[in-house]
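Letters A, B, C and D name the chains as they come in the text, with residue numbers starting at 1 for each one.
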Amino acid sequence: MFILVNLKAYPCDPVEVATAARDVADDSGVRIAVAPQAAHLSQVADTGVETWAQHVSPNDYGSHTGSTLAEAVAEAGATGTLLNHSENRMKLADIDASLDAAGRADLETCVCANNPEQIAGVTALGPDSVAVEPPELIGGPDPVSDADPDIVRNAVEAAAAVDDDVDVYCGAGISTGDDVAAAGDLGATGILLASGVAKADDPRAALEDLVAPLR
Amino acid sequence: MFILVNLKAYPCDPVEVATAARDVADDSGVRIAVAPQAAHLSQVADTGVETWAQHVSPNDYGSHTGSTLAEAVAEAGATGTLLNHSENRMKLADIDASLDAAGRADLETCVCANNPEQIAGVTALGPDSVAVEPPELIGGPDPVSDADPDIVRNAVEAAAAVDDDVDVYCGAGISTGDDVAAAGDLGATGILLASGVAKADDPRAALEDLVAPLR
Amino acid sequence: MFILVNLKAYPCDPVEVATAARDVADDSGVRIAVAPQAAHLSQVADTGVETWAQHVSPNDYGSHTGSTLAEAVAEAGATGTLLNHSENRMKLADIDASLDAAGRADLETCVCANNPEQIAGVTALGPDSVAVEPPELIGGPDPVSDADPDIVRNAVEAAAAVDDDVDVYCGAGISTGDDVAAAGDLGATGILLASGVAKADDPRAALEDLVAPLR
Amino acid sequence: MFILVNLKAYPCDPVEVATAARDVADDSGVRIAVAPQAAHLSQVADTGVETWAQHVSPNDYGSHTGSTLAEAVAEAGATGTLLNHSENRMKLADIDASLDAAGRADLETCVCANNPEQIAGVTALGPDSVAVEPPELIGGPDPVSDADPDIVRNAVEAAAAVDDDVDVYCGAGISTGDDVAAAGDLGATGILLASGVAKADDPRAALEDLVAPLR
């Protein structure tokens, strides 16, 4: 089970969360990564935690002011990137081009989508993983296992029908270790979460709770 | 074989092209539709030709100033719509929502995409048809059968692997009847074309040439 | 005082609202226009009411599938267009180009904006009019005269400081004749409204109430 | 005269250019800043050179995956930011909000625009400076002083008519020290340049040539 902590644009200390994530990952053996803002990538990577970008642009090197070049985030220490997060929806053609860009920079990729049809659609583009974000769970209090377990099961099936080498993560509705275990039971091999760790009073304790059922 | 004539924002007379398309369709028995600007839909539909929109917005009824509501284009006489044309690339989530909107308004749908991977991706969203637009052919002089026949074959295979009920059209590189026949030989069941008819000195003659091998 | 009724993507009958607007305008002598979806422009214009588009694209004639060409909306009967409505925010460079497009098609223009700074900004681009839409009033029940009269006064001043030939309309917080009168007292020479007429059980009565203080 | 070197997404070594810029600035007394990709900000700032972002997002802290938070670029060492570069055109409302965001993070701001009307428009939003980028000069070989000197003069006048506290920079057509001097003669108090330094075989020599007439 892979745990990816998305720091979004939260007013948290990225190094504090990254350090906690590194320590909990080392201690538990669970794979944990942290995805900060692009401007914070190098200081997060310096902690030694697995570091992901929140987005990379579809462009290659060139005249692209204000873009987030895949090669630049890799040089800053990222080894993976989210794409098409619900807060950053992309054009289909740009998801495809950003996957190419990520490939050139040796970044692992996780493409987010809303429902099983879109999950099948992005799986066809050949990412390493996809994350299903049921819209009714994003940012809400309900755990995915209670609120809409079928959407995860259906997303896992929809992705497998297109390409069974693509992992499916659960992209919303996770805040406790029980939720992580439930997502795993539904077929997810990873989870995305954000405020549950990034806005926790004690990010380390939040992460320890999440990994407890995985030890 | 279905022939869809996209009028884009060309300075042509939409009624002249529509009338020619209606007559050639009636005379040849070949299915031909015309896709004008939204503001020209009702006058094109009034000719009796099959009328498509160039785009519909992902939104439903509501507070959406400047949108192109699927129900409004249907009321104006459209019975189908293009989506995600290379000149109007859409977010993946919006293609999905526009397909839903088109379904509510009983519009047939054709989603465009650049390459076999994206064709598989949009096929997974459940449109009636998809159109492959090889970027190197868009707007150029080369016929698809010479320049890149494999991209059409591969698109047909990629779509069939996801859902073999979805038709595949050839969205670029068509200007003559021979090109239409070649596209059919590659597995396409329809073609999209634009300037070859819309900017022709004699749109009727251009259409007659296109349908000649299909009679 | 100019009254512009924006039909947005509401499920109203555009011809019913247009006919009522035409009759009330004729009867009262007050200038009233109706802005339907692009696909409904010709049938609205056929009623004889002053007809506006909700948006025009920045492009000229050419390969622009899915655009809303200024010339096409003019051919369908529009004599003016909104731009940059709060539901359809545009890039600054595109507002500028859409104003050029509208000029080529002899469309009157009204550019919306949120606050006095942006009102000054769009006034500098040379439209015929601007409309201030205080974000806290959009779609809400409060009349502009109660909720935030200074934003209208400040918008009028901000526009005049840049170009005093540009009219300033009040783009939110109007639902009754008293609101229209209050907007006029604050310096507005026109108003934009939407649901107050378009979603009224009796659009004609709603319009008659609006023009009552102007007779 | 302020010289701002935009590294875009060029395949240059940002630290090499930054170090050269720092040294030439120190040696000549001319103000020089470097604007790298967000992911490279901290290593550029560590050289001691004045560091700018290429863009900041309009959002504040919060759930905004993939945004470029003004506070994050400031923490990484940026003290200023470009906005609305011709390769990254923004919605008018977003330029306004990004200026607010930059203000919260104490970033100096420079908003780009194409022509005198748009320059007046962005000046009204209250940035520290604006940069005029004549479209016909962007990326081309012609110096601004030869190709279109009036656009700079007119931009300086247009900005001053709205707010004479806002500096006007010349955003294209600069590659030599003579061009810098010419831009100054036209009323510009700064210049933006990119490939002339970032893609130079010897960035230091290129910068020394640029500052020569300013010593």
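Convention: a residue touches a chain if its C-beta (ideal position, glycine included) is under 8 Å from a C-beta of that chain, and two chains touch if they have at least 3 such contacts.
The chain list, named the UniProt way, goes like this: A, B, C, D = Triosephosphate isomerase.
Every value quoted in this text rests on a predicted model; they were computed, and no experiment measured them.
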Name the chain whose C-alpha centroid is farthest from the C-alpha centroid of chain A.
-> C
Counting C-beta pairs in contact, which comes out ahead: C-D or A-D?
-> A-D
What whole-Å value do you get for the distance between chain A and chain D if each is reduced to the mean of its CA atoms?
-> 34
Distance between the centres, which are taken as Cα means, of chain D and chain C, whole angstrom = 36
Check each residue of chain B and list the ones that touch at least two other chains.
-> none
Among line, ring, star, complete and other, which best matches the way these chains touch?
-> ring
Where on chain B does chain C make contact in their complex?
-> 6, 8-11, 37-43, 53-55, 57, 59-69, 71-73, 75-76, 78, 82, 85-88, 139, 194-195
Touching chain B in the complex, chain A uses residues 84, 89-96, 113-115, 117-118, 120-126, 158, 162
